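Going by the order they are written in, the chains are A, B, C and D; count residues from 1 in each one.
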Amino acid sequence: MSGMSRIVKTMTSTVFPFAMIFGLYVIAHGHLTPGGGFQGGAVVASACAMVLVAYGSVWTMRKIKEKHLSVLESLGALGFISLAFLGLIFADKIFFDDFIMGPNGIGMIFNNAALGESDIFTAGVIPLMNFAVGLKVIAGLFAIVLVMAYATVKVKEVKSK
Amino acid sequence: MNIMDHLPALVVAVPLLGAFLTPLVGKVNDKLRNIFVIFIAGLTCALVFLLANQVFTDPDGIITYVFGADTEDTLKSIAEQGNPLVRILFEVDGLSAFMAIIGSLLPLVAVIYSWSFMKEHTGLDKYYTLILLMTAGMLGMMLTGDLFNFFVFLEITSIASAALIAFYTDKGKAMVAGFKYIVISSIGALFILLAIAIFYAQYDALNIAVIANNIQYGFLDKIALVLLIAALGMKSAFAPMHMWLPDAYGRAPASVTFVLIGTTLASLYGVLRVCFTLYGKNLAATGSNLGSLNLTPGFLLGALLVVLAIITIFVGVFMALKQVDLKRMIAYVAVAEIGYMLLAFSAVLISLYGGTSPNTEVVSQTALKGGLFHIFNDALDIGLLFLVAGAIYYATKETSLNKLGGLARNMKYTTIFFLIGLFAASGMPPMNGFASKILIYESTYQVNPILSVIAILCSILILAVFVKVFHSVFLGPEHVSLKNVKEVPKIMLLSMAIISGIIIFFGLFPDVVVNNLISPAAEALTNNKIYISSILGVI
Amino acid sequence: MIYNIPYFAVIALILIGLYAILFRRNLIKIVIGITLIESGVNLFLITLGYREGSTAPIYTLSPGGIMSMPVPQALTLTSIVIGVAVLALMLSFIIHIYRHYKTLDVRKIGGDD
Amino acid sequence: MIDWNSFVKIFDTGAGFWSPIIWLIVILFALLIVYIIRSYGQKSYKKGTEQTKPFLSGNPEGDRESSHVKSSNLYWGFMESMRLIYKFLSNIHTGNVSDYVLWFVVIMGIFFIVIMGVN
């Protein structure tokens, strides 16, 4: 897929940061408002896909490689499952436990009443898990779209030969 | 942290963790990655054995594990207040533990085999990741006590399997086989999800035990039963919905096929769970009369399944005789073997709920033990044959029977392993296949003699199929192109030897296996009250 | 009657999806059929959790009153996520199949015997 | 955990019993008898001489490659007599994924009719 016209490219560059920030907001507020890792990740990935469409897959493939994305994806999945395993080590020693804000959670020291109302970890591990899922979804979806777009380029080259 | 308390969770979580670590370890070194994957598969296998030991020595024979909360507190609060169950539970009874042993043994041997078998290919990081994901999904299907969780693990298994079936991306037919598999699996899984939604609408629960306790066998429940049996039956290749299986088994790499057998059996486990545990209460309800016969739901289901079983055996064997591609041929025999298991389980349903035979208890127990024993034997026998087929492909790069010949001269050990697999799969004494098939024959004879006659005749035809393979692959003059064939690497021989050793052990001491592995599973299947009362307290 | 309309939509979606899978020859249309069935099932799940006049099940800033059941929504979300993965896998298979066979006709790519 | 006595126990199959150990002993005994009978045979057999060559009515032996029966020709008689069944089976194995799903729908329909209709 080659790039599109200059107008499209400029508009993409303008919209891209806003779409990105909206997606990241949805990930970060997943525990408070509708949304979460997958939804926000999908928004960010579609922002990336917009860049892909506007600038073409060959240009994008030069900027970011698919194997880097797959490492990021592994890291996201790893973060999620590690959080589950950390529940076995801290606090109540239960798999998938909320080891930060559970009854005996380690996060309780930050939420001391003497410090006022400034509770930091009100949602325990849920935001952390949202971050992990978000990373995985961003990397995974973008890798899928990127590889597919790149594959169609190859099909066209084969056809022209 | 006491690791023994968390075994059910770890059995699924360890391969999952391993799967996501594999690409990162693969960045360091290929050999390190292979060792790491074998270590993870071995660890999973060890954890499954510990879990099975715990289950078999437990007085009730069932272990419950709650995710994200203390197990005992949760169970107590359910028993006292009848809390709505929103947590995901794992319930491991004898049947689950038995299936999990199969489901963890196959990937372990497969990754050992892949060390040499897949050495020349690229993209092995992803290959090992997917194999471990498949393992996690398969074990999750076998251990879970929650219907929706079952669906999720089913989909994980399907996606990983489909990607692995199409591993040879340079071959168009492999891609087509992968596409067919994912279409079939996703349609099956969607209908399962529809059935789960029907359950949720009626009983406000997703837990198998809670639904099994409340189930009424009304109009919607019958729809759900049909959807579940048809969809899971397609996933476990009941004829005439078996046609994806030869494509998928035939085109996947041999090591992947070996694990795929486990996923097919996991779907068969789903069928058993649905029939015996989920609907266990309703199957004995009185139905309408047909002459002197009382058509109870259980009898009706058994009668439908016995027809499917006979068709499955017939189609599998007849199509296998015709094939010229080695792996497709073994795949059709695998279809026939699934027919044998289905025959045994439908004989259980008919003898338990038909109410005509005088010694129902003995017949149903024999059939159940035979069917469950045959599940394990099928995984071992067909698996060994696929490993041998993979070894032949590795040595000659050829799977067509017409282009092979005289391999016994150069591949002595492979020939011996093939002979062991041949005898075991066609049910010749003293191999394990005979021990389970004789249980099936004897019990089906008491249900209806014609069934056992058909089963024995088709078993002879299976022998004929493998005699054809043996004749055209290992005997006869050598082809010119096959003069320089060498024996496969030692590590592939080792993995075949492990499976052969288990086959011979099972064949020589069937009583040990039946008493220690099969009986708890059979007990868990016939008595679904234990499954329900372990969650809801004594009822 | 008016509250049953979603269920009719569910049945219609599933039947249209099955029709597409059974009688369309183009691989992409088969995939569209699968996504239609999936939408039908998802709609069924969502409809189950809805009660008339209920609000979104979020505890903070909740106006009170009845809330719709969050469990079916979680199930639907999981189902959608799985659907994305399956869709991506199927489409990449189709790309590869097209590269090998230069056709998307389902009858021309089969026939493995 | 595992009862060691069960290694020598006889496997009960509901109506009879099955013991591989006894079976092996019987087979070994049969092989012994075969060996005894074989040892009464002619001693004049010699390897590598004209004795071992096949006798085809005096014709020279053909090429080994061409005399080997190919696997697609094996069981020709069986398949010929079952021609109708094989024709039917080949017709339903189309390899078309729509047909696979069609069979699923058909089976679902049959189950639906039987289970709804009878009860």
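Heads up, the rule we're going with is that a residue touches a chain if its C-beta (ideal position, glycine included) is under 8 Å from a C-beta of that chain, and two chains touch if they have at least 3 such contacts.
Nothing here was measured: the structure is a model prediction, and the numbers come from that model.
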item: Chain pair showing more contacts of the two, A-B and B-C; value: B-C
item: Whole-Å gap between the CA centroids of chain A and chain B; value: 36
item: Centre-to-centre distance between chain C and chain B (centres being mean Cα positions), rounded to whole Å; value: 28
item: Distance from the mean Cα position of chain C to that of chain A, given in whole angstrom; value: 23
item: Approximate Å spacing (C-alpha centroids) for the pair chain A, chain D; value: 56
item: Residues of chain B engaged with two or more neighbouring chains; value: 179, 183, 187, 247
item: Junction residues of chain D - those touching two or more other chains; value: 90, 93, 95, 97, 101
item: Residues of chain A whose C-beta touches two or more other chains; value: none
item: Arrangement of touching chains [line / ring / star / complete / other]; value: other
item: In the complex, chain A residues that touch chain C; value: 32-34, 38, 42, 141, 144, 147-148, 151-152, 154-155, 158
item: Contacting residues of chain B [partner chain A, same complex]; value: 1, 6, 9-10, 13, 16-17, 19-21, 23-24, 27, 67-70, 126
item: Chain C to chain B touching residues, read off their complex; value: 14, 21, 27, 30-31, 34, 37-38, 41, 44-45, 48, 71-72, 75, 78-79, 82, 85-86, 89-90, 93-94, 96-97, 100-101, 109-110, 112-113
item: Chain B-touching residues of chain D, taken from the complex the two chains share; value: 1-3, 6-7, 9-16, 18, 20-21, 23-24, 64-65, 68-72, 74-75, 78-79, 82, 85-86, 89-90, 92-93, 95, 97, 99-101, 103-104, 106-108, 110-112, 114-116, 118-119
item: Chain D residues within the chain C interface of the complex; value: 90, 93-98, 101-102, 105
